[in-house]
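Shared chain: subunit A. Partners: subunit B in the first complex, subunit C in the second.
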Partner chain A sequence: MSLLRIENLTIRTGGQALVKDMSLVIEPGARVGLIGESGSGKSLTALAAIGLLPPGLKPEGSILLDGVQVIGASEEKLKALRGRTAAFVFQEPLTALDPLMKIGRQVAEPIARRHRRDGRSAGRQEIVAEVRHYLERVALPDIDRIMNAYPFQISGGQRQRVAIAMALACRPKLLIADEPTTALDVTTQAEILELLSTLVREEGMALLFISHDLPVVAKVAEEVTVLRRGQVVEQGPVRSVFGSPQHEYTKMLVDAAAAFDRALGAQQ
Partner chain B sequence: MTLISVDSVAFGYSRKEPVLHDVSFTVKKGVNLGLVGESGSGKSTILKLLLGLERPSSGVIRFEGQPMNLNDREFMRRYRRAVQAVFQDPYSSLDPRQKVEAIIAEPLRALKIPGDHRAAIEQALADVGLPVDAISRYPHEFSGGQRQRIALARAIVARPQLVLADEAVSALDLSTRIRIVDLLKDLSKAITILLVSHDLGVVAALCEEIIILEKGRIVEAGRTEDILARPQHPYTRKLLASVPRMPA
Partner chain C sequence: MTDLVDLQAPAPARRTPRSLTLSVGLVLVGLHLFVALLTLFWTPYDPTAMTGGRLEPPSWAHWAGTDRLGRDLFTQIMIGSRIALTVGAGAVAIAAAIGVTLGVLAAFATRTLDDVLAATFDILIAFPTLLLAMLVVAATDTASLFSAILALGIAISAIVARLTRILAKRVLAMDYITAARTAGSSWPSIVFRHVLPNIWPTLSVNFALQFGIAIIAEASLSYLGLGAPPPNASWGRLLQEAQGTVYTAPFGAVAPGIALVSLVIGMNLLADGLRDVGDPTRRRSR
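Entry: the complex of A and B
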C-alpha cells in the first residue's frame, strides 16, 4: 500500500482553483521532491495531505494517507494521523517553535504525546532521556545548554535542528519538509540537507520535500513533481526530469538553474 | 577609476562588540562588485555605511577621492545623485499609496534635479522593460518581478554612477530571478552595480569582482573567476562546497 496517494486533488477558494487535478504517490521510504514557484500550490498540497488546509479552502478528489481518506475526515481521525503517520517541518523555525517555552520542554511534548497515544505513561526521567536522544540524533552540540535555552537563544540552524528533532520524535512514516532550508545560510543549509538525507534513510521514513530550489531538491530527493499554477507539469526520477526535461516550463527552470550553476564554474 | 574607496573601516553598535573589523576595498567604475557573506558577516552593515545611514567608528569612506561627510549637505546631494539603492523586498520598498510615476520621480524631486521629469521616468521604465502605461498604476497591480523593475527604474532615473543592490533578486522566483539578473547585467553597461548577496550563483553571474566576508572581516577578495576557480581561504572553500549544484 502506498503511504500517500493523492488522486485528482483540486483545491478551491471561491470560484478559483488553486490546485487542479493533482496526483502524487509516495511509497514507504521514498524521497519525493515537490518543486514549484510562488503560487504553484506546492505548500497547499502538503497541507491538504494532512488535513491542515485553512478554512475556506475546499479540497476535492482523494487523499489516502496510510490508507485513511483525509478529505472529509473528522478532526479526531486527522489528529490520529498527524505525528504518527506524517510530521511537518516548516520553513521558518523561529515561528514554528514556541518562543516562550524552553527547547527541552518543546521537544518533550511530541514524545509525551506519542506515549499517551500508545497507551502507556512515561515517567519524567524516561522522557528527558528521549529528548536527549532526539537532540543527539540531529547532531546538536552542548545538549544541556540547548535544552535549557529559549528559541531566541540559539542560532537559526540549531532551531531548525530542534524542529526536525520534534518531527522525528513523533516517529512518523512520512516527513513533510516545506522549504526547510530557505531561511538558512548556505553553509547551514548544506548541513541540514545532509542531516535530513541521513535521518530519513536511517529511520526508514518517506520524505516529501517542498522547495523552489532545483539543486536543493536534487540533493535529497529521488523523484520529483513539478507544479505550475496548481497543475502538475512533469513527474519522474530527478535525473531524468532535470537531465532531459520534457515540458517547456521545466526546461525553463532547469536552464535558469543551470545558468547560475555554470556561472560558479566547475565543481571543486 | 575609483568611485568609492573604503579605507580601514570598523564599526560596532556597541564598543564591546565590533561588527566590522578593518574593512578596506574599492569600487571601480564599470566593475560590478559582489559582497558575499552569511548572516552576521557584516554585509548589511557595510551597505548601511555606504548609504550614509551609519558612520564608521574608525576609518574613512571616500567618494571620488573626497571623504564622506554626512553633515555636508552639498556633498551628500552629489553623493546620493551618484549612488542609488535597490532593496530585497519589492513589496515593502514601494509606497503602496503612490502611483508608479510618483515613486520613480522621488529621487528627481528629492535631489532637485532639473529637466523634464516625465521624459526621464518614461526612459527609466523603458530601460527596465516596463510599458509606459505602468506610470499611472499602483504597485499592487504588479507582480514581484515587475515591482523589482519599478524599484530599479527609481534607482536609475537620476542616472547614478553606482547602484547598491541589497539581495535584490533573493526574494524572486527562479524564472523571474534570471530575468532580473539579465536586466542588471544589461544596465551595468552604463551603471556600476554593487550587489550584496548570500547567493554565490547570482554574484558569479553578475559581478566581475567579489569580496568574501566572514564575521565582519574580509577573508578573500579579487576577480570572481579566480576566486571561484582557486579559492584560497578555508571559509571561501567551505562556502563554495556548500552551494548545492545541479546533478551532472
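Entry: the complex of A and C
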C-alpha cells in the first residue's frame, strides 16, 4: 500500500482552480521532491494531504494517506492521522516555533501527545530524556542551554533543527518539509539538507520535500514532481526528469541551474 | 521591529523611564490597595458619624476636611479606594471572562458566526460605555455596587472580545499553530498552550487600561446616582455631593478628584510597565 496516494486532486477557491488534476504517489520510505515556482500550489498540495487546507479552499479528487481517505474525513479522524502518519517542517523557522515557549517544552509537546495516544502516561523524567534524545538526533550543540532558551535566543539554523526534532518526535511515517532551507544561508542550508537525508534514511521515514530550487531537490530526492500553475508538468525519477527534461518549464529550471554551475566553474 | 531596535541599541535612555513607569504605577496602585485593605479593619473615623463641624477645611483632625453633614472626608475617600478597586477588579474580571471566551470563539468560528460576533462586538463598542451601563443598571431595578460592576463588566467585555478576536486570529495564522495542528494538536490544547499565552501580554496591558476606565465610569455612574448607593462612599458620589459647595469648600471636590486621578494614572502607568513583563523578547533588554 502506498503511504500517500493523491489522485486527480483539484483545489478550488470560488471559481478558480489553484491546483488542477494533480496526482502524486509516495511509497513508504521513498524520498520525493515537489518543485515549482512560487504560487504553483506546492504548499496547498502538502496541506491538502493532511486535510489542513485554509478555510474557503475546497479539495476534489482522492487523497489516500496511509489508506485513509482524507477528503471529506472528519476532524477526529484527521487528528488521529496527523503527526503519527505525517509531520511537517516549515520554511520559516522563526514563525514555526512558539515565541513564548521554551524549546524544551515545545519539543516535549509532540512526545507527550504520542505517549497519550499510545495510551501510556510517561513521567516527566522520561519525556525530558526523550527531548534530549531528539535534540541530539538533530545534532544541536549545548542541549542544556537550548532546552531552556526561547526561540529568539537561538540561531535560525538551530531553530530549524528544533523544528525537525519536533517533527521527528511525532515518529511519522512521512515527513513533509516545505522549503525548509529557503530562509537559511548556504552553509546552514547544506547542513540541514544533509541532516534531513540522513535522518529520513535512518528512521525509515518517507520524505516529501518541497522546494523551488532544483539543486536542492536533486540532492535529497529520488523522484520528483514538477508543478507549474497548479498542474503537474513532469514526473519521474530525478535522473531522468532533470537529465532529459521534456517540458519547457523543466528545461528552463535545468538550464538555469546549469548556467549557474558554469558561471561558478568559470570563476574558479 | 522593536526586536531589531532592541538588538541594535541597548538604549539605556529608554530603559530607565520604562522601569520608572512600572515602579510609579506599582507605588500608586499599591498605595490605594493598602488603603483599601486597611479600611476593612480600621478607618480614622466612623464614615457615617458626624465628627466635626460642617464643611470644615483640612486640618490635623480632618486631613481632607469634612462634608456638609460634618463627616470626615478622608475616611470616605479611603473607603472610596476600596470601592473603586472592587469595581475595577470585578468589572475587568467579568469583562475578561466574557470577552476572552467570545473573542477566542470568534477567532475559531466559521466565517458566518465570526462575522456575526464581530458585528455584535462593534455595535456594543459603538454604544457609549456609560449608556450601556445605565441600561444594565436600569434593567437590574435597584442601583447597587454589584449592578454597577456587572454593567461595566458587560460594557467592557465587548472591547476585550474584539481585541481578543484580533489577537487570536493573528496567532492562529502563525506557522507554529499550523505546525501544532499538523502534528495532531487538539483545539483546546492549541488555545491553552499557544493562543492564550501569546495574546496574554497584550491582553493584560489592556486589562490594566480597562481597569482605569472602569473606575472613571463607576465614578460617573455614582455621580449620576446610578452607582453604589450610600453608605458606599464612591468617589463619584463624593464629587457629586461636593458640587453644590465647590466655591465655598473646594477641597470637598479636590480631594476625591486627586484620589481618582492618582489611581487611574497609576493603573495606566502599570499598564505601560506591564507591556514588557509578559514578553521574554523584551525582558531580555532590561
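One rule holds in what follows: the second predicted complex is superposed on the first by the 265 of 268 C-alpha atoms of A that agree within 3 Å, B and C clash if a C-alpha of one lies under 4 Å from a C-alpha of the other, contacts with A are read in each partner's own complex, and residues count from 1 in each chain.
By definition in this document, contacts are C-beta pairs under 8 Å (C-beta built on N, C-alpha and C of every residue); 3 or more make two chains touch, one makes a residue touch a chain.
If you're wondering where the values come from, they're calculated on a predicted model, not measured in any experiment.
Colleague: Classify the contacts of A:Arg239 with the two partner chains as first (subunit B alone), second (subunit C alone), both, or neither.
Modeller: Touch status of A:Arg239: first partner only.
Colleague: Mind working out whether A:Phe90 is in touch with subunit B, subunit C, both or neither, as first, second, both or neither?
Modeller: second
Colleague: Quick check for you: in the superposed arrangement, does A:Ala80 touch first (subunit B), second (subunit C), both or neither?
Modeller: A:Ala80 contacts subunit C only, not subunit B.
Colleague: Along subunit B, where are the residues that touch subunit A in the complex?
Modeller: By the definition above, subunit B touches subunit A via 38-39, 144, 173-175, 177-178, 198-202, 204-205, 225, 228-229, 231, 237-247.
Colleague: Which of the residues in subunit A come into contact with subunit C in the complex?
Modeller: 47, 50, 52, 55-56, 79-84, 86-88, 90-92, 95-101, 109-110, 113, 117, 150, 152-153, 163, 166-167, 170, 176
Colleague: Which residues of subunit A touch subunit B in their complex?
Modeller: Where subunit A meets subunit B, its residues are 37-38, 156, 185-190, 193, 212-216, 218-219, 238-239, 242-243, 252-254, 256-261, 263-268.
Colleague: For the complex, which residues does subunit C have touching subunit A?
Modeller: Interface residues on the subunit C side: 3, 110-111, 174-176, 178-186, 193-194, 197-198, 279-281, 284.
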